[in-house]
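Handing you a structure now.
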């Protein structure tokens, strides 16, 4: 009977986490929360009819925000970039102290082909503020994480931010991938999430002083 | 081995329930089933671009039906009303004997802020029929439930209808909320569901006689 | 403690399967993967407003692809065909050796009515190639499966292909249903999936020789 209760409680907790966007962790890069892709390397044309009708605004493909939305276990809910290296740059919903990032690809069991998954990755972040055009001083760009996306692990892989205390407040992240898992033509980003917390007033004062 | 079998059966049952719209209970207020929001207090403008392009039909905001659709664990899949008190009125898919209502807000673990959740609520119901313009005799309005949405409990909270036998057949429900969990500007309704059953012919005759 | 670990691992595996499109099995009939409905018997008009505005291309209703998309436990996410018998024909994403098919209807617990579920079914498949207009030699049509959709079982029911080795490479499947579970007016197809694997080069040579 104890076992039954225990099994039930494990199940309920796991399903709750699953129902809460899979991870049960706040995502400041969620499109529906106000985040948006602001730059990316060249998009790859999958030759789907409806793409021809769409125009590109400020160099950002209208489908780019697919990488800031849940995929619900469906192949194809991704944004494809040309070649095996490239980048995407995301304006977050709010200014945060970053704690971790999650890179997600389609699950192995339902994928037609996973050679388009990114492999070696680097995430950096900075505070862009309202100066959307100006160049950012490289001293103010924080390296948040370097990692390899592993096809043998869970399809949503979370990486803690290096030296979380050391990184300041950010509102923009950039993912650079330098390799993928074999596709010569393109690399697909299913979803990128950014976890963290809002700076409280005390630490905000410390930053400003 | 018995334990293994038991664990597996608990898991399967819980996942089946989760896969069946989270609760495994028929919802007569589901937009996709034909239910629709027919009146509401003033909508709150979240200042998202696309809202400016939308017109309001008969005083009902085009996004109002968001509260009659699944949220899939995503923040923002809600309809925001101005202030900390207000109401929504819903025409159900069919005439039913109501048994329970479920009010859902975004899950704690993925929410940016839950101060916009409704708090003190009252649900009433009546049979509107085809007289969509006429005023309903207050004697024919049933109080279905009064409850407080609790931020510490599961995000989808179900409340049984008071004296279910006493309430007659209804096709319309109204949610009045008189407070929320702290937001001065707006209150978000993620989803409202109405559970019950269709009157059978015997009870229909009893009602008509 | 062993039990705890076991319970947790069972749960994780089951949720992973659930998150992977419910079955954790590749679907070559997924709309998002490039599959498409190419023919069907007469569609049933559910008298929803937006259907009147849609035109029919090449005899295929614009909503037909609903049957090649996930339903996420929502009633109504189906394509309705007129009467209690009919057919649909689907061009798959790619040429495959078929292994199984899955027919899915809405879950019992959230359904308003399941009399529109298909009952006696037959699935056939063939290699259409680029000759989209030409008639197929009946000798080259494989009977993949004959089955009865059972309302008492899980809502997604998988049937293995008869004599899988015997069937050749296919790129098109056809579902014929000869009865449903009681509705005189229409039969709803929530989702049809086709599982299998791509022919490898060795077997491809065998086929061509």
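Should a chain be cited, it is by its letter among A, B and C, assigned in written order, with residues numbered from 1 in that chain.
Note that contacts are C-beta pairs under 8 Å (C-beta built on N, C-alpha and C of every residue); 3 or more make two chains touch, one makes a residue touch a chain.
For clarity, every value in this text was computed on a predicted model and none was experimentally measured.
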Residue numbers at the subunit A-subunit C contact, same meaning over half shared and different meaning under half, come out as different
For the C-alpha superposition of subunit B onto subunit C, the rotation angle in degrees, rounded to the nearest 5, equals 120
Rounded to the nearest Å, the gap between Cα centres of subunit A and subunit C is 33
Multi-partner residues in subunit C (2 or more other chains touched) are 3, 7, 11, 15, 18, 22, 72
So, in the complex, the side of subunit B touching subunit A is made of residues 3, 6-7, 10-11, 14-15, 18, 22, 72-77, 107-112, 154
Per the touch rule, the subunit B residues reaching subunit C in their complex are 3-4, 7-8, 11-12, 15-22, 24-27, 30, 32-33, 70, 72, 93-94
